[in-house]
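What follows is subunit A paired twice: with subunit B in the first complex and subunit C in the second.
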Partner chain A sequence: MKALILTLALVTASPALALDGLRATGDLGVVIERATGSVLIVDRSDRAAIGRIDGLGDLSHAALTYSPDERFAYVFGRDGGLTKIDILAQKIVKRIVQGGNSIGGAISDDGRLVAVSNYEPGGVKVFDAETLEQIADIPAGAKTIGLVDVPGRRFAWTTWETGEAFLADFSGPEMVVNKLGDVGKNPFDAVLTEDAHTYLIGLFGEKGVTAIDLWDEVPKPVRFLQDYGKTEDDLPVYKMPHLQGWAFTEGQYVLPAVGRHELLWVDSESLEEVARTPVHGQPVFIVEQPASPYVWVNFATPLNDTVQVVDSRTHEVVQTLTPGAAVLHMEFAPRGAEVWISARDDNTVAIYDTRTFERVGEIAAESPSGIFFTARAHRTGL
Partner chain B sequence: MKALILTLALVTASPALALDGLRATGDLGVVIERATGSVLIVDRSDRAAIGRIDGLGDLSHAALTYSPDERFAYVFGRDGGLTKIDILAQKIVKRIVQGGNSIGGAISDDGRLVAVSNYEPGGVKVFDAETLEQIADIPAGAKTIGLVDVPGRRFAWTTWETGEAFLADFSGPEMVVNKLGDVGKNPFDAVLTEDAHTYLIGLFGEKGVTAIDLWDEVPKPVRFLQDYGKTEDDLPVYKMPHLQGWAFTEGQYVLPAVGRHELLWVDSESLEEVARTPVHGQPVFIVEQPASPYVWVNFATPLNDTVQVVDSRTHEVVQTLTPGAAVLHMEFAPRGAEVWISARDDNTVAIYDTRTFERVGEIAAESPSGIFFTARAHRTGL
Partner chain C sequence: MRSLAALLLLTLPAMAEVGPERAATLEHMLIQDCGSCHGLTMRGGLGSPLTPDALAHAEPDGLALIILDGVPGTAMPSWRPVLSEADALWIANYLKEGAE
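Entry: the complex of A and B
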């Protein structure tokens, strides 16, 4: 830093900066504090909170995505709020309320566009990532679910009431939206495999899972796992198991059995079920431990004080932990050495070593839910 | 930044900092300038160089690895130098000469240990990532190749003269080194699959490839692809094709045919050859374009002005580009939207859009070779 003089006053009041005024962002993260409309900024290396940003509205259901430089996070809240925060300066850059009930969003592969999917009024809106100015408004006449970024400045999503999947392409001068097909009745969630090859859609209104090969010249829906899904015809819609996690490991998809205490393993080539794993409760998130054969699972209330670790080779539970009351989310260090687990009703984020299963740290947080490390900025489909 | 006052003098002299004194690191990178012993610090978002660090010794053959926070890079040079640089402050933090000829290194999954593999005097040395103090010296009586980090504070490597593979475990109070087995005659390179499952070793002294399953209770070498390797018995050792790249895509390994103008595709389950692709020259690096079915290939001299793109589904060349004279390396934006290509003899890093194949930018550099983006901090086995 030749010829640069920094005069720092009250350095301790700005914990986001090291003493020399510089802070890298590769080991930072954001924890949603669902009850207080705030987020905690955390440092993975120090296993510590380094700041809090307030005023993000209703975060009782929230998700976020990062800018490619890892400096900004776009937080999607239940009140339709889209808040751009600066995790280095620890402040809100801009906040707009763009819908009545947003449930998630994504950022384009070039980092220029942020898309938000809405329950109310439905549809997808796309914003300039720099200014949050609206670029496109794509009504769907239906709630949108499973919005993901697709390489080439594209986004895919699915509609709840009408059971359709769409792909929007922003690479040219004009936006082009194509319908990918009819995917089945009341899709409750959709995810993209990490290689951006397959868009997988779970159904609530009928049995089965739908896959769409996005590398195909003309992508089209293919139905598989015809036994997968709801077990009772009269299951009310307000129990819709939205935003559950599916993992992809060892040539398999791992899905939560809807309403049952089981994981389902599906061969990703043949699309045939290859195994079931009995687990502690109804699975919510199933997350791969990076660079390992293991997935970690948390569970729906009232069995939500527990996390289990399952080996994708044997399909057996190899470890059961009880991190705290109301475990809502798990986030791995990107190379898998530790996992951070939010225990909402203990107001704690617990940190576990993935090799020894020892609890190696914890961080106080107000009703923590989602945990998001900045390494997500470099992954497709999140 | 409440209550923080920054007084900046001569801000323009410190291009690493934005006007508010803050810079995130997610979109930064380092380019090796092989002839001048310097490195260029680049900003992916701006497609620009933002600084240069001199004094890194002989970088005519060099590699680097990043700290988990993306602030520091550890540069391994041909002169045995290990240089820790600070890419935010744009300066050398510490430089030691730890051997006579180092050819690569790795950082442990917790970011605490940096390991260096040496040709001269051979063996592996391990250093504290913070201070560069030596933690361990593991003589091999042979040149070491293919050093990789393995989850759980471990490192694996292979020896040239003795044909052995080793795994060192630093997770306990004492280092434990185990021999994984005899892998064959004169291994020239080894790589780890991204899930840290399989350690693959190419042989120069005989035909075949060796795989070791690191998830096994007792990992052991398995030989496959018995036709792979040298085609002439008298090929001199100074042509050893070290540090070539292997890609893993669509359930396949892609290997450079030694001495031939071909890629070899191997099914990763059956370990059988499934296809060959005739290409422009002798392949050097074969790199996956993230979130796509494509691999990009560059070639050995004198055919090294060309890059080809191959579809992993059809195994056919889909594009041929001529980015410049002496193409040495290719690095993708982590979500695959663009690729940066070093053309040594044009003193240029050329940037291509991976969808349109248009040249969208270029950066002046002194004899550029390796390009390393900070997203590597979050990947295993690099």
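Entry: the complex of A and C
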């Protein structure tokens, strides 16, 4: 029945394709449906789903990145699948299974190379963005995490078991891979600041955060926030925080405490902790609302029906919302007017006005997880 | 001492203590939340594979204890605040048998 309603919604919600048959993609997006191996194509302006693509494999953990023209998305799935989809034609262009178990990927700044990080067999593989033909295979002997694109046809990543960071440079005729250094025990995720200046790595196996200055002639790991991280006495972590959401606002980094129901605020110059904010649960994503002083936070199971909004000036929670059961992800309209929130167990994507906090719309989706708007095509580090 | 007490409790026939409604909740939780690390199909991710093959030599009681207490030094948390011993044993048996 739900499928029927969705089908009807899809039929009625595609007038934008009308008239001359032309269609732009600037207000489109993709929602991962994790249990069914499908994705929804959504229209941000119409607040509607306009299509669905099936057959993307195991999407229990999935990420995607966009081509520079915002027409194609590369979806990285748990089963090692790399699927290139055409969001205008709403179909799979090509799908390969390039590994046993992948965790994420990134596209080079020129849009020509797509890199995938793998848990199994580990390492990183790089593909031609047009054809998905393999260009490079860089074994690591470990699970890779925190793969980001770095300007100049480069990619950086980190290894979970061995705690090393690497930088691969594809700007010349031959690929050059350099080790950036040893970063600490069991790094769980890493992220690049928007100015591509600092590669930040969160550790699970020991205390501290590692920063690598990629503008430096000889980048090297620097440890800070020495008491950041999990200890035996801390609360259990039911879902690994994601650092792609680490927000950078008001000259601060905002980090999810690991094993504590807190946000940590760190001065991005001095790397000293400036404040802590008690929050509802173990933070998973902390995302800055564009063009505002606010960050939005969601939480790990079993406290995952709630989203909180925190003011980066006062470090205080200013709003608490309960968008639905099992909130997994939040994605902002590029200028911040709306936030789309996936509520997996309600099979809903809820849309909120970020000024009034009013629920202004919702879209039916099967076990939705990640929401990705096409504006991501133009952001570094994704 | 706590683990010993847990072990004693777990030797009770716990399967009977999980009703059909709770079982449905646990199955959903296993696929969705455990699946975050172990994969929706339990073939592994950051966490180990939990397929019947991978668990062939594991005892349900032992698995239940791992679920309840976690594995120190790894990302596997203690689920004791969320799950009862009967819940954990139900999940252990479910994994051993394999989801359909």
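We take it that the second predicted complex is superposed on the first by the 354 of 382 C-alpha atoms of A that agree within 3 Å, B and C clash if a C-alpha of one lies under 4 Å from a C-alpha of the other, contacts with A are read in each partner's own complex, and residues count from 1 in each chain.
Quick note on the criterion: contacts are C-beta pairs under 8 Å (C-beta built on N, C-alpha and C of every residue); 3 or more make two chains touch, one makes a residue touch a chain.
Worth saying up front: this structure is predicted, and the values here are computed from it rather than measured.
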First (subunit B), second (subunit C), both or neither touched by A:R44: first
- prompt: Looking at the overlay, what does A:S367 touch: subunit B (first), subunit C (second), both, or neither?
  reply: second
Touch count on subunit A, higher of subunit B and subunit C: B
Task: Considering only touches as defined above, state whether A:N101 meets subunit B (first), subunit C (second), both or neither.
output: second
Message: Between subunit B and subunit C, whom does A:A326 touch in the aligned arrangement: first, second, both, or neither?
response: second
Task: Return first, second, both or neither, reflecting whether A:E120 touches subunit B, subunit C, both chains, or no partner chain.
output: second
Query: Which of the two partners, first being subunit B and second being subunit C, lies in contact with A:W160: first, second, both, or neither?
result: second
- request: Check the residue A:V318 against both partner chains and state whether it touches subunit B (first), subunit C (second), both, or neither.
  value: neither
Residue ranges of subunit B in contact with subunit A within the complex: 1-11, 13-14, 16-17, 20-27, 44-45, 66-71, 88-91, 109-111, 149, 151-153, 171, 194-197, 215, 249, 251, 269, 290-293, 313, 333-337, 355, 374-375, 377-381
Touching residues on subunit A, where the partner in the complex is subunit C: 34-35, 58-61, 78, 101, 103, 119-120, 143, 160, 186, 188, 204-205, 232, 236-240, 301-302, 326, 344-345, 367
Message: Help me check something: in the complex, which residues belonging to subunit C touch subunit A?
response: 28-29, 31-33, 35-37, 39-41, 43-46, 70, 72-73, 75, 77-79, 81-82
